[in-house]
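See the structures that follow.
Here come two complexes built around subunit A, the first alongside subunit B, the second alongside subunit C.
Our next item is the complex of A and B:
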């Protein structure tokens, strides 16, 4: 019952947040200098042509009026049409979403694996030089943002030792038999491991760049909670029972130490998704973020609105999911 | 684990010394750039395009770190770029700090409707992808130094507001605040004289971090080609050019990237080092 009330309350604040985002982005982009209509018409178009098209896109009305029209459309699932490509915004955005989701999830998996490995190794070898080295490595990884890691990776594994592709999502000359835009997922389902290898070769560096700072955060926090848990009585008891160090860390300490890290990973995952915007640009990866930057450059107002709203929906959904998981996993919060 | 006292008595940690030294060196280089830069950072010479750095065969004397595709001296552009990077760090970092910390203090200490309004704004801000938000703002404001600074302040104030709000809330619940109130202080005066000094260490740490972030934001915006102008030497602009010609002339990317890397790392390590040194409770 309590959980349901918390959920409904969070849902209401989420709606307020999304409305706020919609209002801000709508009004901000309408003061952008540069007429999108003039940009899409060929040179030599008359004033009348511009006026006609402006009316067609509803840009001649007052901004609050435009917002009402747009808002009514959005509630019915109509986000308008892109000015540059003239296709429905929803189709364009949903077409790119899988690319960004696959990249984000791959980055998350790498971050959890890398960070978890660092934390466990550091705990197993606590007090040693290896632990000190891990701490320094984590500190550096944490201080430098994904954008710079992306550039470093391009230099190391794209130029110096060219093992990965530095741009795109898949080699353009390949024939793709896919029916969805979840290339990575579908290549596995169709058992096309040649394509899978090519896609991973393109995705690995951008995903790793996004993952490095998060891996460091996970490594630091999980190691800290593990070391605190290792000093608790029940862990000592497990040790006196004769369990080995590896068993004590993995089976006794880890389940109790993991909760704070889980919450943090949830919050940080939204930051990671936000990071895809510039990382996709850096690696010319055909996802939402790259499309968003093009949309801003082309002053494609309906497309910008659609993408920003979609990002906001993803962020708030992730946060909501994290809160619910936390409430479900933490018995103290369940009855609070 | 060392206890707090042992940490304080330790004079200067290596990371404070290293990051401080790099930043001091950078400040000196930025101030002296017009005198120590070997070439004019804007001078183009297409006959001297893509010269390698001095230790590679084919280098020209005087162009120590090589030239870009337009024949502009990489070293001179990095030195002049430091001026812009540090200006952005200082001004954008401080303004963000002042505005964000003030809002955080107000929300955390006054509570009530002030807190509700500010917290709701933070929620909305957190739902924007920051890079996209900054690119949008630059599209609205037009390119230029002032626009970059405004964009950074508008986007990043939440970093301060969130943390300081939580700190102010924790401090506000303590006895010394209650006794200040009993002694007849006004809410506002208690906030400034009692709460502020106690959250100041956190503010200083956040400020150093924000300076590093500001430099990155500037670099990202020049990378997307929305920053100052394509001619002016900016690290991000150099990196953008280097990214496109990385297979022909690696040095155009490597040197500005290394400079940016160490600068951002130093700001962050300086913040972390100060945190350890002056506020052991925070760790």
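Our next item is the complex of A and C:
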């Protein structure tokens, strides 16, 4: 009941947020210098050509007028057509979304596994040299941003020891039987593990590059809160009951220590999704981020709007999911 | 034969043997005996309890001595075996009931987990046992309480639950680490009475760590007085309150506020007595080093 109310309330605030995002993006990309018409016409086009094309795309109207026309379309599920490719923005964006979602989720899984392992190992071996080494490793991982990790990984595993593919989402010569764009997911469903291996071979490095800084943050924060939790009385009490160190860490301390980390992962996951823009470019990965950069270069206004709105939807959805998880894991919130 | 026999137990900060925390502590607790462990803060009384239960902080290490529990020296056992043994025959009643229950777990499993995981009872037996014990510590509607989370219960309730949990596995020895200090005065009395009542019914030996001589006079048969990690006096409660043997004990007793004389001023332990006690501890240190 409480969860449902939280959910509905958040849905309402989400609508307001999205409206705000739409307004800001719409106006900003029209105010900044550069326009799509100039990008489309060859040098030496006449004034009349420019005026005609401007009118064709409705860019001669005032910005608020344009916003109303676009907004009315959006409410009916029509995000307009891309100026460069003339295809509906919605189709383009939804076509690329699976690639970015799969990449982000894979990065998140790697980050949680890596960070969780570091934190638990560091806690189990607290006071030892291993713990010190983990702290140093976390510090290094944190001080290098994801796109530099991407370059490092390309050099290491793409050039020096070429074990992974450095570009694209899948080897282009392969015959793809997929009916959706969730290649990774569908390859498992169709039991095509040959394709799965090829897709993972392409995704692994960009996902790892995105994951490393987040893994370090998770490792550091979770280790810190485990350390505090391990000194609490109920953990001591569990020890006197005869439980070993592993049990004490995993089932007494972890469920409580994980709460602050969970909130942070939610916030950081949105940053990670933001990081896909550069990383996808770096690895020529055909996702939303790569498309966003092209759209900005071409001043493809409707496409930019569509992509930004979609990113905003993803961000708010992630935050909502985190809040719901938090309420589900913390009995004090659930019953309050 | 004592059930618990601590012999010449010494402990110090790790890597700094000159920072001594326990100084050749020896004390015995017979089966079914309640022994008080008194001293001011920092005297090391909690450390003795922690040394027995194996929950000393990482920064403290035992530098010598024996902790013989039921005929076995705990300090010679490998860690895993030692832990299991303690879980089987010892229990802890912790100081602060507000932090001693896991906030993300229901009460029921927190009482039954030792019975099921360590002592290999069936879940049904363990739950029945938990229910019976909650009734024994005068908790109304045990079934509802077992389904509750700690934050839904009061401090007094939680301490009752922790007492029930400590007695659940019929331990031979309970370490009660200032179990009433964190409670308010009216609840303190009830909890003290409850511990005494449970102890009498189950015949459990208790090592009762406290700084409150009033508490000692109510629940203990014998006591050890600690100062700076050294046992100054080891005597029965009757003898202690009739004629304390050590000057520090006499001063400590004189410093206890009297309910019968509410207007009397508070007398701290005189500086001269503290200085003399410190000198005695330092002397003893020199003797052991020679």
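Points to keep in mind about this one:
Assume the second predicted complex is superposed on the first by the 295 of 336 C-alpha atoms of A that agree within 3 Å, B and C clash if a C-alpha of one lies under 4 Å from a C-alpha of the other, contacts with A are read in each partner's own complex, and residues count from 1 in each chain.
Everything that follows uses one rule, which is that a residue touches a chain if its C-beta (ideal position, glycine included) is under 8 Å from a C-beta of that chain, and two chains touch if they have at least 3 such contacts.
None of the values given here were measured: they were computed from a predicted structure.
After superposition onto subunit A, the partners subunit B and subunit C occupy separate space and fit alongside each other. Applying the stated contact rule after C-alpha superposition, one finds that A:183 touches neither subunit B nor subunit C. Looking at the shared chain after the overlay, A:242 reaches subunit C, while subunit B stays out of its contact range.
In the superposition on chain A, A:256 makes contact with subunit C only, while subunit B stays out of contact range. Residue by residue along subunit A, subunit B and subunit C are tallied for touches, and B comes out ahead. Of the two partner chains, neither subunit B nor subunit C is touched by A:70.
Shared-chain residue A:164: touches no atom of subunit B or subunit C. In the overlay built on the shared chain, the residue A:232 is in contact with subunit C alone; subunit B does not reach it. Once you line the two complexes up on chain A, you'll see the smallest CA to CA distance from subunit B to subunit C is 10 Å. Remark: subunit C residues 53-55, 58, 80, 83-88, 90-92, 94-96, 99-105, 113-114, 117-118, 149, 151-152, 162, 175 touch subunit A in the complex. Looking at the complex, you find that subunit A touches subunit C at residues 126-127, 232-234, 236-244, 247, 252, 255-256, 329-332, 335. Residues 13, 16-18, 20-21, 24-25, 28-29, 31-34, 139-140, 142-145, 147-148, 151-152, 154-155, 158-159, 166, 270, 273-275, 277-278, 281-282, 289, 292-293, 296-297, 299, 304, 307-308, 311-312, 315-316 of subunit A touch subunit B in their complex. Within the complex formed with subunit A, the residues of subunit B that make contact are 15, 120-121, 123-124, 126-132, 135-137, 139-140, 142, 212-213, 216, 219-220, 223-224, 239, 243, 246-247, 250, 253-254, 257, 260-261, 264-265, 268-269, 272.
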